[in-house]
């Protein structure tokens, strides 16, 4: 079977999701879950995972844990800054800065954008896929220069993302 | 015969299935043959539906009250269809109207998308039959909604006419408010009675201490709740019939903008529901024998509705005189007839109810004749009443028009309409002398409207439409002739053939006095009342 | 002990919900209102989760996922309306 | 105009005052008391009750049992109402033309990708709540409405075009919808047909065996209660609601170019 | 004390529903914009549906009311008896579910009607209809 | 009650408490900050800090509730799923909202010190 690993990957994720969302672990759930996830995998597998997965790609998921740790650190930092701004009226410097990115895949860009938006203080306003620029609304901008801003906001995430999806 | 039991429950399923099949055939197979197939199918299936409802009627005449339990659950737990003489009679009439409408539409409607029209029409009649047969107030709500939404769709069938869209909007907006209020009333009733079954409610209004299976005893203050809920329901039913002054905001628009066969069928299929439900709720449920606290309320309500009915009869009759549009004229005539029928019910005696039933029957048939004649006018000339001169040449059509007018006006004892008015006057004399006078005055004014038609027919000259060739008029003429002879035959039957007279009077007597059998057969437990 | 602590926290969430409602009513623009609605429904999601612990009934929590889906749909629809002024495209 | 407004407002405030007075002073509606109606208690008691097998429907979710078994006919009519609404909208907009190459413009890449990830999860979730309607809260309608979120998201995030590209056409959806309704009718009629063949009493919409009829739908599958026909009804209802809502969404979000064709057709009326 | 408080809260919210209904009806009958009328209709039906849900609520002594769903299969009739006395009334919920689907169906159709109205008149105000936009239908 | 459960209790309650603090901060921010784009940042605080943290807390707390039987794992699972979905959908929603508000000029952009987007870049 072509792209067996892809299919297995998607199938497992959907099956686990199905069983969790029913809240019961019975043979009944399992049988219906297998049917449902087989159908869903058949329909959506090609559109979800573009490239053919290999066994080696699974190891890349280990970087995901590193990513999460990095993400949590950034979150805590950003939250504390926002608390200062909101509660103690810390002076702010709102600006929209252009930040270049070098990731190729759609998922990589999306992951970076979602992470940046999820961190309080920065929101991705617009994305330009031709010139590879993200426009980020930054509540307390320390710089207006694209490359410096990249160092502050996205470069840490980007390295890990390149390893995961690259 | 087991099949006789199932027929009651199968009828709505049959209609819905037919409507779906009619919808699917042309979508799947887009050739001219499928259009023919749809017409043939709808004709035969509506014929079968007429036969089915006739069988139900025969079954009910034998057993008085027949009930059918869906899913086999006992009534307060499950839904039950309870059919008595009145509902089976009106159901039969409604199915007949469906058959006639399908037949007439075959001739009248020319459209590429006729299957959509037929499909909605069958859904409309499914809702209607469910309204007539049901014995559950929430099921009634769902049926009314099915009826209404297909009615909104049918009214907007001529969607390139802005007036049709506006009429449908008016109908839909006011309809939503009305049905929501009905739902509110249902919830109130549930909160106090703890049940949704009509027979159960009827039982508890007569004997509040009764312990029924599953629903047990009443929960709250049934007196105050019934007062509020039933007043709200009156509003809804009268609205559905278009009798209340607020009904004037939609009824004439809807009748004049809907496709003509639909307007003709509406009287039987959709609007008689209002009168029927009024009878059901205020004779079977809140009828004779209710607890003393509600007797006074009932009388007050009835006298209030009497006033409303008289007012609306006067208004509609006066509007009818000045109306120039033939379809609107027939609408106002319908409203006045319905108002008189309502007056008959509120008199609260057997003759009154019988007269209401007769008026319903005569109005359903007479309206159909008038509307179908109007169809001939519209094809031949236009919608103004001056166009009625087109009919001058055909003797049979003149005959039918005269019969229909005499029937609706109600002076000659050969038509069924006469007996409706006569019994109404008879019933009114018992109460007071003013009521018969009012009835006569209303009829007299309406006569001006009706005979204006005859006058116009002989004085004006027909201006035939030149842009459209006259279609073959054999089918409509046959239908019209058949219907007008039916009017005479029914009238003669009522005069001369005693069993028929007794049958009709039995319907009224059963409705008013025989609530015991309705309750017992519906709930299935004896000795509670 | 647990349920009383959780009740206090739940009451905090009710208070914040009221604050969001002020923003919802005040406006002044459409995106502001949608923002307040977003915050309100995330608030509600947590509220449901806490309530299911307090009432010891796992059923309430299953309402969280549809809630999140619908709020996303509202976001998308409003932004679509603002950008294109027409739904079809 | 203003006079009329004042009149309406005044009469409505009178209505509010009177009803509020009734509720406040008389306190006749029972709200928030320990008592609920005995009918409701009967439902709670019989819904999953192997000890009274004549009244039960073997469904852990009582609301589901009421919707599809005790008051199944209501729900059938309700589904028909949805069907009628779809047919009515189709009638209103009849003659439209679905055009495929209109150069759609969706939202940004980020939103598109995020939506793409979520869609299979939504499908799994919707099917889970529909097929477990007899065990946990949920059911056919809830599942169908959740599935319809997908089509609404696709219309907004990608475009109507993308739905056409995926093979959704309103005609096809209407056909599926009609077939599902017929399937529902078949499931409802099946006990009746079996009763005819075996020459015993049986009912439309019958689920479990009754006092006077022994015909019964399957009550268990593997180790979970299947609640007989409730499962089938839920699956059909899922498809019906999904296709119905998607059809309505697609028809109501037709572009001007597509609708123009429909309104250019001047039909011959009366 | 707490019972009085609960009664007070519930009755106040019921009156709020009725006020909602009145506001919605006012909007339906007086606002010229069809969209506003439509929103008012939604408010109207929703208020009634909420009212229906309130009817089925119960206050149980000593414990919280349960949703009408059995968490696991009961092993004895006693368990069901207990469930019967603490769960809320399932019937109004079922009725409201049906009513919601129906109102959804009707509202979809009304939106379609408003769309066609807009195609005809170019606006959603009913003033367009009143101010002679209607063509005379007979000669 | 075993000691492990106490640990779950502690962690769960702690997370919920921290979350409620952030929720209050976010709510104050949504009320107080002067323009729509600034309020969006406060929304992120109340979404991540105020919703995801408590949901995680509930998930951990539910593991420790032994008296609820196997159903407690259901709560945990649902909470984790909804955390995942919120993490994907909430930022994409607020991103598209911000983009729409910017492109359609619905909300005032001030205060803003520097705008890279307005300098002649094509808008997708």
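A, B, C, D, E and F label the chains in the order they appear, each numbered from 1.
Going forward, a residue touches a chain if its C-beta (ideal position, glycine included) is under 8 Å from a C-beta of that chain, and two chains touch if they have at least 3 such contacts.
These numbers come from a predicted model, not from an experiment.
Minimum number of contact steps separating chain A from chain E: 2.
Most remote from chain E, judged by the distance between CA-atom centroids, is A. The interface with the greater count of contacting C-beta pairs, when B-D is set against D-F, is B-D.
Distance between chain centres (mean CA atoms), chain A to chain D: 35 Å. One finds 31 Å separating the Cα centroids of chain E and chain F. Mean C-alpha positions place chain A and chain B at a centre distance of 63 Å.
Per-chain Cα centroids separate chain C from chain E by 20 Å. Among the residues of chain D, those touching two or more other chains are numbered 19, 29-30, 35, 37, 39-40, 43, 71, 74, 78, 81, 84-85, 88, 92, 107-108, 110-111, 114-115, 117-118, 121, 125, 129, 136-137, 252, 263. The set of chain A residues touching two or more other chains comprises 17, 21, 23-24, 113-114, 124, 126-127, 129. Across the assembly, chain E contributes 25, 55, 67, 69, 71, 91-92, 98, 102, 105-106, 109, 113, 116 as residues in contact with two or more other chains.
Of all the residues in chain C, the ones that touch chain A in their complex are 58, 62, 65.
Interface of chain E with chain C (complex): residues 64, 66-67, 69, 71.
The touching residues of chain B, when paired with chain E in their complex, are 138, 141-142, 145, 148-149, 152-153, 156, 159, 162-163, 165-166, 168-169, 172-173, 176-177, 180-181, 183-184, 186-187, 190-191, 196, 256, 324-325, 382-384.
Touching chain D in their complex are the following residues of chain B: 2, 6, 9-10, 12-13, 16-17, 20-21, 23-24, 27-28, 69-73, 76-79, 110-113, 116-117, 119-120, 123, 126-127, 130, 138-139, 142-143, 145-146, 149-150, 152-153, 156-161, 188, 190-192, 194-196, 214-217, 219-221, 224-225, 228, 259-260, 375, 378-379, 383, 468.
Contact residues on chain A toward chain D in their complex (touch as defined above): 10, 14, 17-18, 21-24, 26-29, 31-33, 36-37, 40, 44, 47-48, 106-107, 109-110, 113-114, 124, 126-127, 129.
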